[in-house]
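The structure's right below; bear with me while I get my questions together.
Which chain is which? They are A, B, C and D, in the order written, and residues in each are numbered from 1.
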Amino acid sequence: MKTCLLRTALLSLATCTPLLAAPPPPLPAEHLTVATLPPNNPHRVYVLDEAFNNEIDSRVLLFDGDTYKRLGQIGAGFNPGFNLSPDGKTTVVGTTYFARGSRGKRTDVVEFNDNTTLSVEHEIVLPPKRAMTLPTYFNLAFSSDSRFLYVSYVTPAASFGVLDPAKYSVLSEIDTAGCVLTIPSGPNRVSSICESGRLLTVTLNEQGHEASRAMSEPFFDADKDPVFVQGIPTSDGYAFLSFLGEVHEVDLSGAQPAFHPVWSLLDAADKAQGWRPGGTQVGAIHKKLGRLFVSMHRGGEGTHKAGGTEIWEFDLKTHKRVARWPLAALKLDAVGALQVTQDDAPILFAATEKADVAVIDALTGRLRHVEKQLGQTPWLMMNP
Amino acid sequence: MRSLDKLFENSSRSLARHTSRRSVLATLGQILTGAALVPLLPVDRSSRAQAAEPKGAAKGQSDDPKSCEYWKYCAVDGFLCSCCGGSSNSCPPGTRPSPITWIGTCHNPADQRDYIVSYNDCCGKTSCGNCECNRNEREKPMYRPSRNNDLNWCMASGDNSNYHCSVSVILGLSESAK
Amino acid sequence: MKTCLLRTALLSLATCTPLLAAPPPPLPAEHLTVATLPPNNPHRVYVLDEAFNNEIDSRVLLFDGDTYKRLGQIGAGFNPGFNLSPDGKTTVVGTTYFARGSRGKRTDVVEFNDNTTLSVEHEIVLPPKRAMTLPTYFNLAFSSDSRFLYVSYVTPAASFGVLDPAKYSVLSEIDTAGCVLTIPSGPNRVSSICESGRLLTVTLNEQGHEASRAMSEPFFDADKDPVFVQGIPTSDGYAFLSFLGEVHEVDLSGAQPAFHPVWSLLDAADKAQGWRPGGTQVGAIHKKLGRLFVSMHRGGEGTHKAGGTEIWEFDLKTHKRVARWPLAALKLDAVGALQVTQDDAPILFAATEKADVAVIDALTGRLRHVEKQLGQTPWLMMNP
Amino acid sequence: MRSLDKLFENSSRSLARHTSRRSVLATLGQILTGAALVPLLPVDRSSRAQAAEPKGAAKGQSDDPKSCEYWKYCAVDGFLCSCCGGSSNSCPPGTRPSPITWIGTCHNPADQRDYIVSYNDCCGKTSCGNCECNRNEREKPMYRPSRNNDLNWCMASGDNSNYHCSVSVILGLSESAK
C-alpha cells in the first residue's frame, strides 16, 4: 500500500482509488516517558493542600493559571511550612515525619525541591522544634540573597534556626524571647512578631549568628485589634491586616522597621455593617500596580478565620476601595485564601472553603476558570 | 484570686495524671499567661454564630457535645474528640493528651456563667477527620500562644506529635463570672 | 449558702426561700482523661478506610453498630492488609512506611494493635515483599490456634511469610509457585489460589517451615468465570463467588480442600437481566443462620468492581434467594462492601461507594442508621 | 507473530530508558504472560459504560485523555496521570514509571482496531487524588497478575513504591486486529 500511495503522489489517482478507501495505518507504538514541565510562565501558583483530614499527606500542588493544568505535586509531610527561593527555582518545605506514619520516631526536616523536576534534591534535618502551625510566608524564609534560610521554632518556647541553603547545614539557633516567625529583610535581618505588638529584629553576622538585636515601637495592640500573622509582601516590606480591617504597612528596607501611617479598609458604613477581613491567607498585593485584594465578610468577634463573601480591591496610594466583587455572583463559596501574580496581566487566585480554586482576571474581576477540588484544604498559595 | 488558685489546683491535678513534672510546670506557665488575659467582656453571641457558620456548623446553642455549637467549644479549631472515640474532656483510646495547652473562656447559657476551659489536643494518631469544628471566640494569633488554636498543641509530645483531635476541659469559673 | 442548704435539709424551708432562688452551683472542674473502650459487644465492626486519595494515611476505624459511635482509630499506613486474631483481642495490620512519607527508606511491617487500648503493642519488620493490593481476609491471616501468622508476599513473584505472633519473629518464607494469598485452615495449613483454578495447600511443621504441599483439582476457570479473591468465611471454610454469580464453597476442615457442589445466585430471569455480584467485599455469611448476603448489580463483562444496587439474601442449604433489598428504596448509593455480625440479632453493615456505612437489621432488612463518611474509601469490614 | 515481535521490541525499548536490565527482563516476562492471554473476543461496549458508570464517569466514548472514558483506559483502576502533570503515556514530573507492568487490550473506536496497551503506574509520590478512574474490561483477580489492576505496580520500585497515578501505553496491535 505504501508503494501505491507513493505512486499516487507521483502519478494518477485512478489506479489506487479502491486502496485509498482502505483503513488508515494503525497507531504507532508509544513510549513511556516522564513528563518535563513546560517553560515557566508568570501565572503558575504553588498551592499548599494541608489535607487536614489526612494531615500527614500534605502536598504542594503546582497549578497553571493559563492552561488550568495541574503540573505536578511536591510532598509536604505533616503540618508543613513552605516557601519559594528568591530566584523561584526551589521550593523549600519544612515538615515533620514519623517513622510509622502516625507514630514512631519524629524527624523534622527542610526539603529542597527542584521546581523544574519536582524532585527533592537535598534536605536538612532540624532539631525537633519546627513550628507546627498554619502556613504563612514566615514559617520558612530566605534572606534576600539566598545566603540564609530561616526556619521558625516553637516548642512552645520561641526561637528560629538559621540554615545554610548552599551547604545544607544548620548554622545557629536564635532565641526570640517569645516573639514568633521569621520575617526576612535584606541579606541578614530577621524580624519576629511579639505579643507586645512590637517587632524584634535580629541582625546576623557572616556566620549566621546573632550580631545584634533591637525591639521596635509597638505597631498594633494584641488586645484591642490583633494583626493577622499572614503578612502580605509589599515593595518595601510587608503589610499586616488587623482583625478589624486596619492596614499596617511595615517598611523593612532600612536597618530597623519603619511603620507607614495606619489606614482602614472600612468606611463608617462598612464598619456599621460589620465587614472584616478573614481566612487563612486574607490578602494579596500586586506591587507594580499598587493594588491590595482582600477577602471580606460580615461578622463579629471571633470570625477572623471566616472566608470572604466578597473580594475588595484597594489602591495602596489613595487607600480607596477601587473594586468590590461579590463571590455569590460568581457562584463561588466563601474564599479563605488569595494570591495574585505580579505580571502586567495579573491573575487573582481565590481558594474557597470547599477547596475549589478560582482563576480571576485581577484587572477586571472576570472569572476565567474554577478548578474543582484542588486538594482537600488549600490554605496558602505562593508564586515567584 | 480565689478562683485562680482553684484553677491552678484543678488544672495541675487533672494534668498531672498524664504528664511529666516538667510539662506540668510548662502547662501552669501556659495557664498563668492565659488566665491573666481572660477578658472581662461578656461573650458576643452574634459573633459565635457567625464564626461557626462558614464551616457549616448549626447556628445557635447546642447541648450535644458532638456539635460544634456546644458551649464549651467556643474556640476549638480542629476535630471534636467526642466524634472520635473520646468525649468533650477525654481523648480517644490509644491517643495521648497534649502535655501543654492553652485556655480560653466560654459562656455556658445554661447557668449564664463564663467558664475557663483548657483546650488540649489528643496526639499520636493521624487526623480523626470527623466533626471538624472551627470557632475562634477571643482566639489570638500565634504571637499570643496562650490564646492560639492554630498551633499544634501536640508539638511537645515528641514521637507522638501527630494531631488527632481536640478537647475542651472546664478548669473553673472565669473572673468575669464572680 | 452551704450552711443554709444544710439547715434547710434539717429544719424549715422558710428562712432560706430567697437563697434557694439563687442560681445553681457552678459546674465542677473537669479532669482530662483518656477514654477506655466500653465493654465489647457483638455489633462492633472494624472498617478499613484505604483513604485512597491520601493512601499513606489508611486507617482502621472501630464502629459500634448499636450506639452508632466511632470508638477509635488504628493507623494502617500505606496500602495495608489487616485481620483480627481468633480471640478478637488483636488487630494485625500489615503495611508499609516510607521514611519521608511519600518517599525514602521503605519499611514493611506487621503491627499488633491491642483492641482494648487501640495502641500498637508490637511489630514485626518484614522483608520488603508484602503484597500491595486490595485488602481481603487473606493478605494477613492467623492459624486456627494463633500459633502462626501468615503474610502474603508479591514482588510480583508470589510467596508468603510465616510469622510467630508470640515471639514476634519471622519463621520462614514459602514459595507458592505463582499462587497467591494465604487462606488459613487448621493449626498449620495455608492454601493459595492459583491461576489454574486450583488451590495450593502447604502444610507446615512445628517450626513453621514447609512439611509438604499438594495441589487440588481446579475448582474454577479463570478464563471463563474467575472467582473473586474475597473469600467469605463459612462454617467449614470459605465461599468464593464468581464474576457470573456462581458460588464455590470450599471445605477446608480436612487435610486437603474439598469442594461443595457449585450453585448459582441467578435463575434464568436474573441471568437474562444481567445481574452480577460486585464490589470490594462482595458478600457476607451468617454461619449459624446459614445466610449469604451479596451485593448485586446489573452489568456486563468488566463490571465486577461495580457496587450493588441491591442486596440479595440466600439460604445456604436450599440455595434459594430468601430476600432482595433494593438500595434505592433505602436512599443508599451503590454498596461496595458487606459484613454481617455473627450473633442472634445480626446487623448487616453496608459500605457505599460514597463512603457511607449503613447499619441494617440483617433479619428484616430494615435500615437502622446511616453513618455518613466513615472515612474516604471503606473497602473492607471485619468483625470477630 | 509479527506483531508480537514488534510488541516486545517496543516495550523493551520504551522501558529500557527508565529501568535496570533486571526489571526490563521482569517486564518482558510480564508482557509475555499477558500477550499470551490476549483474548480474541471483541470488546463489549455495554460492559464498558456499566463499569465506569458507578464511579460517575461519563458514558460512551471520549477523545479526552483526561476522561476515564478515553479508549486507552479500558482497564485502568486508579488516578489518571494526564490529570496529575503527566499524560496518557507519561508520568508526572518527579515520579518514576513502574519497572514492571501488566498489559491489556483496548478497542479504539476511531479506527475500529484493538490495541495492546501496557498499564504502568507512576511511583514515588503519594496519591495524586485527581481523576479517579475505575474500568476493568477483561481485568482478572490477582491470581492472574498479568491481568490485574488491584496490585500496586510500584511494588518493585523499592523506596519509590508509593502509588501516584496510572498510564496506558500503546504497545501494538492486538492479534484480534489482524
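Everything that follows uses one rule, which is that contacts are C-beta pairs under 8 Å (C-beta built on N, C-alpha and C of every residue); 3 or more make two chains touch, one makes a residue touch a chain.
From a predicted model like this one, the values you see are computed outputs, not experimental measurements.
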Distance-maximising chain from chain C - centres being C-alpha averages: A
Pair exhibiting more inter-chain C-beta contacts, A-B or B-C: A-B
Inter-chain centre distance, chain B versus chain D - centres from mean C-alpha coordinates, in Å: 50
Where chain A and chain B are represented by their mean Cα positions, the distance between them in whole Å: 29
Chain centre separation (chain A, chain C; CA means) in Å: 42
Separation of mean Cα positions, chain C and chain B [Å, integer]: 36
Residues within chain C bordering two or more other chains: 53-57, 59, 75, 78, 101-104
For chain B, residues contacting two or more additional chains: 125-127, 129
Residues on chain C engaged by chain D in the complex (per definition of touch): 52-56, 78-79, 96, 98, 101-106, 128, 131-134, 154-156, 158, 179-181, 193-195, 222, 226-229, 297-307, 334, 353
Chain D - residues contacting chain A, complex: 6-7, 10, 13-15, 17-18, 83-87, 89-97, 108, 111-113, 115, 118, 120, 125-130, 164, 167, 169-173, 177
Of all residues in chain B, those that touch chain A in their complex: 26, 30, 37, 39, 44, 46-48, 50-51, 53-55, 74-75, 77, 100, 124-127, 129, 132, 134-145, 148, 150-152, 154-156, 158-163
Complex contacts: residues of chain C adjacent to chain A: 51, 53-57, 59, 75, 77-78, 95, 97, 99-104, 107, 109, 111, 120, 123, 376
In the complex, chain C residues that touch chain B: 23-24, 26-37, 57, 59, 62, 69-75, 113, 116-119, 373, 375
